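What follows is a pair of complexes built around subunit A, which joins subunit B in one and subunit C in the other.
Then we have the complex of A and B:
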């Protein structure tokens, strides 16, 4: 992979990364044919963001041929590359992103004035695909506004406010702070801002609806949108369905998908299911006993060659279940907790298959596992963690 | 009980906001007394507030274009509420460019002071922001706690040095000690002193001037006083610091009455607002 971003676009890229840092701790990077996708998700899976930079955004855009490459890195590391936005603007002429396959490093080289080169080598972990399931076009309600309007709106709420409720009806929209703690309700100050449809570029409302979602993540998008001056579109249905916030132009498409409270739940965080992901939330620690035995069982089931053709993942308006039915698992020495993508290399031993637990994937039912006879365990590479896992029954 | 008031003038709105900001820095909760002519923010100087007392008086006509009050009873035409000034401050903060701000007493999920601001927009319809600030209504039988405090029989009354200077001094002294002694005499001299085992620091101010209170009774003690003799009071330095931190506007007059070893009475006068702050002595 080899991409070059020049001029003002470097700052846009930097802002995108800062924006993503407000969502989650890891940056998922995936060069696709239709552009470079940068994604992040929060730990409770209630917020997801994707920045897709089309090839036109870059002055050079070369992606690895054939197999797909996906990786993830600690977002703080990437932020460190683009640390000071104001000095970026003044000194950086271009940014070169290259993949060093051998050393598993992504190299960010900033070409600055006076011939100065700043090179950052960031190591990454291979990762599975990360995509939220959502369909903007089918949403009943859509509002589009200049970012300034939304920025002015959230200004009325304190920075500490967690959740905001948005209600629409006819010609009006109301933004209210959401107080979900019973004890606080009698003492909390309630703020409500009413905007008329006149203030929006586009205002299409079906039935009267009210949704509640996390304000913090919205602010992350607004900071980005305001700097680009692009209008923000908000797509939503009834409460419980995720709200999609988009910013689009000819070279960039940004989507923030935020879970909304459904009527009978208390907090966004408790309700991962609002994201329409069919899988249960993935456990954070993959070294628990259950996962280990599951991993081992899977290891011994569908042994096969390199990963099958992957389902199309282009960000068309209809995002469907995106994780491919089988995600090959790399040797366990690489990022021990991760089920990783096979970055095709025919010289490697045959890869195991494993179903990702992330968004929209389907886990095999238990009965499937128990029916498998345990074949001989193939240890692909020795490693202390490998040994302990391989030794489990 | 009914209360409705409206502010249209931007200058009044800004000024009112600054007053509320100052109050919010002085205390977390206080009493708001609404009478036909005035508004008062009051702290009663009880143990709950650490013995600190506050009395801030605003003349409503200087701020509001419309003001309607119906008190709890015809013979007690006022309303007494317990409020959190920080909420009021927050509500006002983002309404600084409003075309109009209305404040009224409402009953939502509980008694509230509702602030409604109409914000200017490019379109024909204004943006309306509504803030519901929960308040507690104080029953009449407790009103005696919130009367205007009597001017104490002070020993020395003196004009304060510039508040910013005082604040800088007190800020640094706070790092060294928890207690500060304020002393002043009728010769326009004031000292701020701290003393610890290791160090004592004194800042001297001269030529401050003493307010001419005139011949009313409460000044009896100071009349025959030797102008060189200092009256002093030892106070908790954080309370003094809190007072100084909150000041956003330079007052037209700032003075301090010291009752020897009893209390410091700070008085700030602006055009249409007066603020009195009482800090009790500590042993």
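Then we have the complex of A and C:
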């Protein structure tokens, strides 16, 4: 692998890495034919981010022939290469990323002003493919705004705020901080901002809905979007379905996929819009603990169709089927085991309100499909013990 | 100046009197070598030399020539004492640390000789404070025996580019390796940390490079010893890096003070001899 990034793009790359560091501790790097994918996922697998840099982003882009190369490394190590963002613009002329297969080293060479050369040889680990399966095009609701608008909005929330709720109606959007049921109501402070549809570049609301997701991860994307000045698009359905935040331009596609809380009763209490009736749980609101059916449903449902059905504007990571089916199977199985252990607990692990929402899976092979029963899209019996259970979309 | 009237009673007994209109011309440069509490002061008619040492492996010297001072009177050939540098450097900020342009704290430093404390008269806006800092028997600074005839490599760089490298150095690396060579990579700083290794290369024809005279060497120094030199680097505009036949390192920093006058700070460091292979 041999890539060269020049001029202002070096700073964009650096900002992308810093943005990914807000999601997880490890950076997954995968040079694909459609571009270099940099991904990260958080430990509870409720947040995923992918930066796809098309070959045009680079002044040279050569990927290894033959077998696909995938690796992961500690994100802090890569951040160290691009330490001082402010001086990057002024001093770095180009950045060369090279793979040394023999020594298992990824070399980042920064060519700077005055002939100074900074070379970082980072060791990496081979890794499985990390891709989320999602289809933003089929989401019922879509908002697009200039990053400045969203930055100014979230500015009103304290840095310590974990979750933010976004509610939409035909003409308006509300941003409010999410207050736990468990939190003492007398000590809670509620902050709410209302934005009208004309503040947005694009405002398409299918049905009145409200979603709650992690603010920290949103901020991570906004920092990047603001520096590039590109508009942020938000695709979402009802609560429980993941929200996809997207920033795109001709050479770059960024997708942040965040899990949302599924908690109708809680949201009703805080919802000032009395017109919003309590809607019946939507058909694909899976309240089941059955991970197998969920995964199959994700793959086969209209909402998250199989990779082939996706029609992204620019190259989508979901298209890549470089993982041989056996690897995908192993990955999936491992994921299932983890998830099953989790679901048997009635005690939710602390601070993990969001259930794991997806795994680094590509389309499962046919053999796997035959092993599973494909359940219908109807709502299955929920676990009545736990009203605030965050369910899988 | 009000200070001159203060010392009437003890005035005749001073062996050293040094005055500055702006104490920062002294305190800034001393802050660059404050990695240990104790400093050895040695005054000669040429000026003031302040030495700080660490574990017999690292020595830093700050030179403030007599010309820098508004008044520099010395009654003996050599006056030496040792003080706690941290305590001493608390004194100039006695009027508050903030620097307002046009307002400077003036200093008059007086020393009566062996056994007497170092007396500092600090004045700002007509208010005078007297600080007396206890002195100790001065230790003999180590002579690193670094002489120009043994120098095998000499490089003079503009500090700007070196500052960037030093601020980014991987601190998980125990050593800093300096490679000098008449051919590629010319002048290279390397670290070997947890995530891998990193190299900073300065070509000999870079416009940051003012002098380049090297034979081929590669020596390692403990990172913990060299890290304090970053303070001196930050103040300086030029730095000379020299190594001798034993691998000892000499870093000389040219520092311009607030008034544009030149002072020097020098660091000597022993090579790290633990690792001999590789």
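Here is the rule we go by: the second predicted complex is superposed on the first by the 265 of 393 C-alpha atoms of A that agree within 3 Å, B and C clash if a C-alpha of one lies under 4 Å from a C-alpha of the other, contacts with A are read in each partner's own complex, and residues count from 1 in each chain.
Everything that follows uses one rule, which is that contacts are C-beta pairs under 8 Å (C-beta built on N, C-alpha and C of every residue); 3 or more make two chains touch, one makes a residue touch a chain.
Predicted model only: the values in this text are computed from it and were never measured.
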Joint occupancy of subunit A by subunit B and subunit C, clash or fit: fit
Partner chain(s) touched by A:206 [first = subunit B, second = subunit C, both, neither]: neither
Touched partner set for A:8, first subunit B, second subunit C, both or neither: neither
Which of subunit B and subunit C A:194 touches, first, second, both or neither: first
First, second, both or neither for A:117, with subunit B first and subunit C second: second
First (subunit B), second (subunit C), both or neither touched by A:156: first
Partner chain in contact with A:74 - subunit B first, subunit C second, else both or neither: second
Subunit C versus subunit B - closest C-alpha approach in the superposed model, Å: 7
Residues on subunit C engaged by subunit A in the complex (per definition of touch): 161, 164-165, 167-168, 170, 185, 194-203, 205-208
Residues on subunit B engaged by subunit A in the complex (per definition of touch): 84, 87, 90-91, 94, 108-110, 121-125, 127-134
In the complex with subunit C, residue positions of subunit A that touch it: 73-74, 76-77, 80, 83-84, 87, 91, 105, 114-123
Residues on subunit A engaged by subunit B in the complex (per definition of touch): 155-156, 158, 185-196, 198-199
